Structure formats: structure tokens, C-alpha cells
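Have a look at these structures, which come just after this line.
Common to both upcoming complexes is subunit A, partnered first by subunit B, then by subunit C.
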Partner chain A sequence: MILDRTFLLKIAVGLALFALAAFSAFSLDNYQLQVGTSLAMLAVLCYAWNLVGGYMGYPSLATITFFGIGAYTDGIVQNLDQAIGVAWLAAAIAGAAIALLLGAALLRLKGHYFAIGTIATLEVAREIANNWDALTGGAIGLNIPIQMGSPEFVGRFFFLVMLALAVAAFLVTVVVDRTRFGFGLRCIRQNEQAASMVGIDVVRYKVAAFVLSGALSAAAGGVYASMVAYIEPKDAFNLVKTIEIPVMVMLGGMGTIFGPLIGSAFYVVLNEFVWANFINWHSGILGLIIVGVIYFLPGGVLGTRWPSAKGRMPMRARAAQPRTTA
Partner chain B sequence: MAEPILELRNVTRTFGGVRATDDVSLAFMPGEIVGLIGPNGAGKTTLVNLISGFLPVSSGEIRYEGRSIVRQAPHQIARAGIARTFQIVQPFAQMTVLENVMAGSIFAGALGLKAARAKAVEALEFVRLAPFMDMPASELALANRKRLELAKSLAMNPRVLMLDEVNAGLNSSEITEALGMIRAIAERGITIIVIEHLIRVVAELAERAVVLHHGAVLSEGPVDSVLKDPRVVEAYLGNRFARRFAG
Partner chain C sequence: MNRFKSALAASLCIAIGASPALAAETLKIGAPLALTGRLADAGQKSKQGYDMCVEAVNEKGGLEVGGEKRMLELVTYDYQSETNKAIEIVQRLVNVDKVPFLLSPYGSGDTKAAGVVAERYGVPMVAAAAATPSVFDQKFKNLFGILFPNKMITEAEVAYYKQHAPDAKKVAVLALNSLYPKGIAADLAASAKDAGYDVVFDQIYSPNTTDFSNALTQIKSLEPDWIYATGYTEDLILIRRQMADLGLSAPIVTMTAGPAYPEFASNVQQLADNVTTNSWWHQNANYKDDFIFGTSQAYNEAFNKRFGRDATYLEAAATASCETLAIAVAEANSTDGDAVRKIMHEKTFQTFYGPIHFGETGQNDYNAALVMQIQDGELLVLAPEELKQGALKIGVPPAGN
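Let's look at the complex of A and B:
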């Protein structure tokens, strides 16, 4: 690992932010806890996506496939009278295992083809959840045992768990960013052929990143399912969500350690604001804002050279170029 | 006699009905410089792709240090010590020059990050790119990108180095400089296979030349005699010239 002083400072800032959030848990009201929990969950999903989409440059739309798989695994395992921690672990393992199988096949595709292939996993997973009544409860959905305790206690509990998961995702990203694994992923993003020529086991690296990403997403799904205590196919395998995740990371900055956090925070704040003020036009306005932001800040909040953030066209071309896969 | 470090036995590769590599048998000795020449489309790059594991052979065997490598993946072959440069340079465009070379020393050279950095700096000094170390690779001019490829391959600590048209697009003085570097690399005991269609480069550099034509070995031997071989002249210039040349 290469750790220079700036990078150590960044890690410290990140951890301090998370610690601050954890302490604030005891002074937040229920609504704030709910927003905080969904923010932490989105941050986990964004960090998970960032490994594959950001560092490795594979535009995955399978994040929510693994999220849903985690949610269902959690529900099924909890309904077998297992402890909640066991169910979460099972969710992460299921996500990793399925990512291993899917990754071995899907990662042969590149660019748009890969994106379409990963969307297909979501559609297939939703249909399976819809039709395998015995296991998933089908379209009716699956009830999951509710956690006992006052609403404040339960709200705080899930907030802290989701936050802990976000810290884990952040630390995974920190390690990936500074080790030969992350270095290899960056090489793969830029030129896969050249990467194998310098001795990188391209297939194994790609699958490993996909598995890591799948495990994180599924863990988030597991915690989510325990929290809401009821899941159904169209909620667990939501197409819009799987597209929102990459959008958030792009807002924040792809292939960086803070991009996913900033992106998801920005998005949640935006979402809450637009939702509160323009309830009828909510989706449309949010869409326009996203298009605008991506147009003017193609590298995300972190990938932008702020002093020259006006006359954008040449920078847009440059910042957009490295993100495409060969 | 010494054992060859790299040996091709009856290697054939077909694309549909076309035999891009046709029953090629060759042996390369440690530390020698061999020119691999032939007209456009003769199958030179295909042969490099076969050796580096990029393309599977249709039949035949490739042996490196006495072991068959035809079933190995490109990254395994690279780690074992066979490096190549690409005809069309392939830098990691968003990385700095140093990081590009470090990729070679980290993965193929199997070094830790610190040692990899030292090795990369050494390779960059060798190809005289050290002053550009922190520049993005995408900003290098063509001649320097070719050197970057060379440095990246060197950092991999290879025993066999295949240089695919490493001089194409360079001007005369740049070529002279590149030739000096290639000779210095060979002096370290690295086997060098120079893939060229510039006869001048091969004539000045190599002790031995192999001429490919339509995928098959047309002529092989000391550079002087190969270049005078009427079959070679014919392949390059057409048979009317060949007759005049011989007559």
C-alpha cells in the first residue's frame, strides 16, 4: 500500500465524518434517522458500484440485482428462525456467490453490451422472485419478522448498522484504491489488452471486483429487508434504483474514495428538496437537474477543476473520454 | 550447443481458410537479436500474438525454457518472461509515464510497490524518459510513446522481448537512438525478436533474420545471405525485379 500524507488525511476526514454521523444518531428524530439510513444505504450501493463502474470501468447495472438477492436471502433465512446477523451474513455470501457465477459470464462483454447484460440479470431475478412462490412468496411478497423495540430504538439500530456497512464499504474502497488490486483494475479500465500484457490476470481481477461489489450490495439489501420487514419483487429489484446508483457516483466522481459518498448525499438532499417542493413534477425536475449536472460537471463534484468550471466543452470531452471502455 | 530459450515447432494458425501462420519452426537462443521480416500481411504480428498467448495456435507447439506454453494465458506468459511491445502503442492513457512502467514491474516483475517504483525509474532512465516521469502518458509524442512501451517491457524483467515495429513512424535520428537502446538490452542477455518491415533496421541490428511470406518461413539465416536470397527479393519486389536483380 502506498500511503502518502494527503491520502492519510483523506482517510481521517472520512472516518471523522462517519463518527460524527454515528454520534448524531442519538439526537436525530425518526424522520432524520430514516433519511440518514437511506443515505447510508445508498452510499454502500454507490461504493459497491464504484469498484466495478469506477475503478474497473465496467458500466454495471446489476447493483440492485445483488441488492434484491440480499434482501430475499435475508428474508428467507430470517423466516427459518435464524438470528438477524446470520441472515445478513447469508445475504452477503449469496450476493458474492451469484456475482461469481454471473461475473464469469457477463464480464466477457464490454461497454454497452455489458450494461445491457447486467440489466437483464435484474429482469430475470425479478421474474424468478415473482414466480417462485414457495421460496419468495411470489408477487404477494415476503413478510419478515419485525425487530422488537420502540420505533426510536429500532430506527437508531438500523441507522447504525447501515452506517457501519458504509464504513466497511469506504474502507474496502480505501484499500482497493491503494493496492496492486486497484492499480490492476485501473489498468483494465484503460486498456484490457495492455493490462494482460503486463501480467495482470484480467479475468480474475474483474471477477474479484464484481464479487466484492455483489457482496456489499447484497449485504445492504439484507439489512434493508430486515428493516422494512416486508419485501416484494418490484421493490427489491427496482429498475429505476439500479440506474440511479451510477448516476449518483457520476455526480460525486467515479473511481475516487469520496465520490460515492458525496454523490449519494447530494442526490438524497436534492431528492428530498425536490420532493418536498414539487411533488407533482418530482421525477421530471429531478431528471432535468441530473442531466444538467452531468452536462456541466462530467467528472463529478470531485473530478472537476473548479476554478475553470465555466466554458465547459473541451473539458467535458476530456473528462468523458477516460470513462469509456476500450 | 546451448538450449534454445524459445522454440516453435510446426506452429500453424488458420483464420477460416487462411493460413496466417503456416507450419513455422524456429528456435531462438538466449541473448541473440533476430530480425523477423516480411512484406505486409506476411503474418509477423500473428506470430507475435501466438507466442504471447493472445491467439491460440491451431496446431503445433511453442516451448519456452523447455516447457510448452501453448495452453497458457497471456498474463502467465508475460509473467514467465516473454514481453512484447505493440505495433500500435498501447499506453494506459490516464496514468503517468511512471505508473505505466510500474504496471510492468508490479505485475510481471512481481515486485512490491516500492521496489516496483525503483525498477520503473531505472527502466525510464535507460530509455531516457525519466524527465517525463510525472507527465500523463497521453501527452507523450510518438517517439516517446514507443520508448514508453520499451520501458514498460523492460520493467517486466523479460528474458525474451518481442519488438513489434518499434521503429515505425520514427525519423532517422530517432531510429538510430532506438537501435542503440535495443543493442544495450541484448547485452543484458535478453533475447530480442525485432519485427520490422524496415530492412535497414534488421540489417544494422540483427545477427540472424527470418523472412516470413504468406505465413510460412521463406528464408532463414545470417542477415546478409537472407537479404540476397532471390526468393526474398521476389517476395518484396515482385518476380520481374527479382529476375533483373539476379541477372
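Let's look at the complex of A and C:
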């Protein structure tokens, strides 16, 4: 692992932020905790996507497939009278296992083909959840045992669990960013054939990143399902969300350790603002703003050298240089 | 700007010392609404239903609670048709706005998820648009459902046709693969089997199907006496047209729930004739209501005057959900959750929506299912007997003009 002083400082800042959030859990009201939990969940999903979409450059739209698989695994396992922790672990394992199978097939595709392939997984997963009544409850949905305790306790519990997952996702990203593994992923993003020629085991690297991403997404799905205590196919496998996640990371900065965090927070704030002010044209205006942001800040908030942002520095020019910013 | 104005108004009130007699606090009812997103249309309708109730109650001077007249105030937020957002909003309504009562989000799934939160806080929540019994099967103390289970509708239908079309033996069921259409079709197939019908065809179709000829040709070869199709109104319009194109007819053709809406008949014209349907509510089933509106038809007239179209079961159930809460609060003479909950669980509410009794699970268990048929362009109630407007006509026109 290559750690210079700047990078250590960044890790410290990140961890301090998370610690601050954890302490705030004891002063926030339940509504704020609920919003915080959603935000933490989005951050986990963004970090998960960032491994595949950001570092490796594969535009995956399967994040929510794994999220949904995690949600259903959690529900099914808890309904077998297992503890909540066991169910979350099972969710992560199921996400990883299915990512392994899917990855082996899908990662042979590139670019648009890969994107379409991954989005198909979402549709297929939803159809399976819709029709396999005995396992998933079908379109009627699945009841999950309700977490006992006062609203305050439950609110804090799920917030802290989701936050812990976000910290884990952050640390995974830190490790990936600073090790040979992350270096290999960046090589694959820039030129897969060249990466293969210099001795990187391209297939293994790609599948490993996909599996990590799947496990994180599925764990988030598992925690979400326990919190909501009821899941149905259209909520677990939500098409809009699977597109929103990459947008968030793009807004924050792809292939960086803070991009997913900043992007998810920025997107949520932006979404709330536009929604509160333009209720009827909300989706259209949000879309325009996103297109605008991506056009003027193609590297996201973090991937932009601010003094030159006016000149719209092309992403490609920077991508060619060794990346020193995070 | 609005915040500034209300701050100004608030300080003005303090300045002139608003008298406590005037300032009987409003009674807040929280309602997460799907105003944008996938359920926007249904969400708007729910809001119209809630508004009808709040306006009617306030027009008659509000509710008498503990010697004070309390006006109703609906506190709403848009949850953008997202389950996760609906939960956030319920949290907000309870923690920030401190509402003592809730109306549920739209649909079974979101109702369930919001119901879990309401149960944790012990805040009574009435659901206007959740019919699936599994939503209620955990016996929450605080969740009440206006719509009685699908199964009651299908049982009423089977019983009616068994009596009025005794020659019918074979049933074909074609259902859209979506929560409600699939659920009610499955219930119908089960009810029909129980009653001795032969279910010769029982299949589902995917959302956005436009060509039904494959399924319809199969159905035609089986010569069923009763065709039962479910789906959204657009699907049913297509199915009815393609049935005519293929020359498929049957003594009984039931479609749920499209023919209950005027769009169905206006689209398929004469082909709508003798198509039967069902509903939780229709203004033609004229119930009496002593609390607000007077009768079902008076409700519909008031609704039409306000919104320029007829009310459907959706708006009526929304109005009724708020009405049952209001009646319970007035009768409890208190806004205390326990007192209101007790009345909600025990009372049978006589409303324009029909009798409502929240059974053991909290879901309405009073079966007031309507069997209806379009005859010469008019939608008539065939059953229940006491609301009957016409007799069953057998056979649908085999082809359009």
C-alpha cells in the first residue's frame, strides 16, 4: 500500500467525518436520522459502483440488482428465524456469489454492451422476484420480522449500521485506491489490452472488483430490507435508482475516494432543492442541471481543477496523466 | 418568501395577542402523497379524496373535541412514489410536524412500509389504497384499511354468476402480472374452483403487452362460458377490441376494473355493452351518511362540482379514510391515540362509502362488493341485492361495427 502524507490526511478527514456523523446520532431527531440513513445507504451504493464504474471504467447498471438480491436474501433468511446479523452476512455473500457468476459472463462485454447487459440483470431479477411466489412472495411482497424497540432506538440502530457499512465501503475504496489491485483496475480503464500485456490478470481483476461491488451493494440492500420490514419487487429492483447511482458518482468524481460521498450528498441536496421548488417540472429540471454539471465539470466536483474549470478541461487529457489527486 | 410571510404573520398574532378562544388548535392529519413519480396520477386522486373530507368537516364547523371546535388540517408532503422516501416523510410527520394521526401512502407496498413506522410510534394510520390482506396480516394495532380484501370481491362475483347464470361451467382467466391484477385473478380462480367451475385457462401477461391474439386464440379454442380479464384500463380496452377482431365472445365477460371508469366505454363504444365488472365502491350504490355529504350520490355530485368529473372508488376510499378518523375522534371526544384506536376497532362506520368495520387485522371486513354491468352505455349495479339497479344480461357483442 502506498501511503503518502496527503493521503493519510485524507483518510483521517474521511474517518473524522464519519465519526462526527456517528456522534451526531445521539442529538438528531428521528426524521433527521432517517434522512441520514438514506444518505449513508446511497453513499454505500455509490462506493460500490465506483469500484467498477469509477476505477475500472465499466459502466455498470447492476448496482441495484445486487441491492435487491441483498434485500431479498435478508428477508428470506430472517424468515427462516435467523438473527439479523446472520441475514446481513448472508445478503453480502449472496451478492458476492451472484456477482461472481454474472461477472464471469458480463465482464466479457465492454462499453454500451456491458451497460445494457447489466441493466438486463435488473429486469430479469425483478421478474424472478415477481414470479417465484414460493420464495419471494411474488408481486405481493415479503414481510420481514420487525426490529423491536422504541422509535429512537430503532432509528439510531439502523443509522449506525448503515453508517458502519459506509465506513467499510470507504475503507475498501481506500485500500483499492492505494494498492496494486486499484492500480490494475485503473490500467484496465485506460487500456485493457495493454494492461493484459504488462502482466495484469485482467479477468481476475475485473471479476474481483465486480464481486466486491456486489457484496457491498447487497449488504446495503439487506440492511434496508430489515429497516423497511417489507419488500416488493418494484422497490427492491428500482430502475430509476440504478441510473441515479452512477450519476451521483459522476457528480462527485469517479475513481476517487471522496467522490461517491460528495456526489451522493450533492445529488440528494440538489434533488430536494429542485423538487421543493419545481414540483411539476422536477424531473426535467433535475435532468438539465445534471447534464449541465457533467458538461462543465466532466470529472465531477473532485475531478475538476477548479481554477481551470471555466476552460472546461477535458477529462481525457487528465486521465492520461498519472492520477495524484484523490 | 413564504416562510418570511408566515413569520411575519406569527409575530403579528403575538403582537395583537390572539385570544385563546379563537386559537383552538387545528387537528393535524399527516398524509404522505405520491404527487410525482410513477404513482403521480393515483396520488393526485388520493389528495382530492382527502381534500373532500377535510373541506366537508371544516364546513360543518370542525370537530367538537374536549369542548373545543377543532378544524382539520391536512399536512402533506410528496414522497415521489419512492418507498424509502415515504418512510422518511412519515418520520417527518410524526417527529417534526407532530401529527397525531396519519393517512397512508398509496398502494399496498408503501402502506406496509409506512405502517411499520406508524406502529412503532403508536400513531393510528388509515390506508385508503391497500387491499392485499398480507399488508394487514401482522395485526398492527395502528393500521386500518378501508378496502376490504380482493377475495371478498371475487367471492361475491362467483356467488352472483353461479345464481344468475347457472349454465356457465368453464372459466378463462387472463391477468396482468402486477400486484393487484394478478392478486385478484388468483383469488377469482380459487373462488371459482371452490364453487365448482372448471378453470380452463389461467395465465398472466406482461405489462405493456399490446398484442393479445395468442392468448385470446387459445381462449377461443377452449370455448369458455366466462372470460375474466384483469389489467389497467388501457390493457382491457385492447383486450376487448382484439376479442372482437378474433370473433371471441362468451356469455359472461368480466373485466376488472376498467369498465368501472368512463374511459372504457368511451373507447370501445358498443363493445362495452354487457361487459361486467366489479368495484369496491360506485356512486350508484347509494349509501346513507349522516356525518358528511348525506349519500353516495351527493358525495359524487359534490366531487363532480369541485373537480369536474365523477369520483372513483379511489377518491371515495381516500375521503372515507379521513372520515372514519374524524368520526372516531369526535366520538372519543379526544385526540388520544388509545381512545381513538378503541373506537376504530369497535365501531361499524356507516358512511357514503358503505359500511366500514375494521376487523381483527385492521382491514375492513364488511363485504360490500359490487357486481356491475354496462348496459346500453350505462353502468348498473347488479349486486348486492339491496342496491340492485338491473338484471344480468348474457352475452357480449361478438364484433364491433
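By definition in this document, the second predicted complex is superposed on the first by the 311 of 326 C-alpha atoms of A that agree within 3 Å, B and C clash if a C-alpha of one lies under 4 Å from a C-alpha of the other, contacts with A are read in each partner's own complex, and residues count from 1 in each chain.
Please note the rule applied: a contact is a pair of C-beta atoms (placed from the backbone, for glycine too) under 8 Å apart; a residue touches a chain by one contact, two chains touch by 3 or more.
Fair warning: this is a prediction, and the values are worked out from it, not measured in the lab.
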Notebook entry, point to check: What is the contact status of A:180 with respect to subunit B (first) and subunit C (second): first, second, both, or neither?
Noted result: first
Note to self: Contact-wise, after the overlay, does A:282 reach subunit B, subunit C, both or neither (first, second, both, neither)?
What the structure shows: second
Notebook entry, point to check: Where does A:200 make contact in the superposed view: on subunit B (first), on subunit C (second), on both, or on neither?
Noted result: first
Next item on the list: Mind working out whether A:83 is in touch with subunit B, subunit C, both or neither, as first, second, both or neither?
Entry: neither
Check: Of subunit B and subunit C, which one contacts the greater number of residues in subunit A?
Finding: C
Note to self: Quick check on the superposed pair: does A:38 touch subunit B, subunit C, both, or neither? Answer first, second, both or neither.
What the structure shows: second
Notebook entry, point to check: When the two structures are overlaid on chain A, which partner does A:13 contact: first (subunit B), second (subunit C), both, or neither?
Noted result: neither
Item checked: Overlap of subunit C and subunit B interfaces on subunit A (superposed complexes) -> none
Item checked: Complex contact set, residues of subunit C against subunit A -> 35-36, 78, 80, 82-84, 87-88, 91-92, 94-96, 108-109, 112-113, 116-117, 119-121, 132, 134, 137-138, 177-179, 182-183
Notebook entry, point to check: Which positions of subunit A touch subunit C when the two form their complex?
Noted result: 29-31, 33-35, 38, 130-131, 137-141, 143, 146, 150-151, 154-155, 224, 227-230, 232, 234-235, 238, 275, 279-280, 282-283
Check: Which residues of subunit A touch subunit B in the complex?
Finding: 1-2, 180, 183-184, 186-187, 190-191, 193-203, 322
Next item on the list: Show which residues of subunit B lie in contact with subunit A when the two form their complex.
Entry: 52, 54, 73-75, 78-79, 83-84, 86, 90-95, 99, 102-104, 106-110, 113, 152, 156
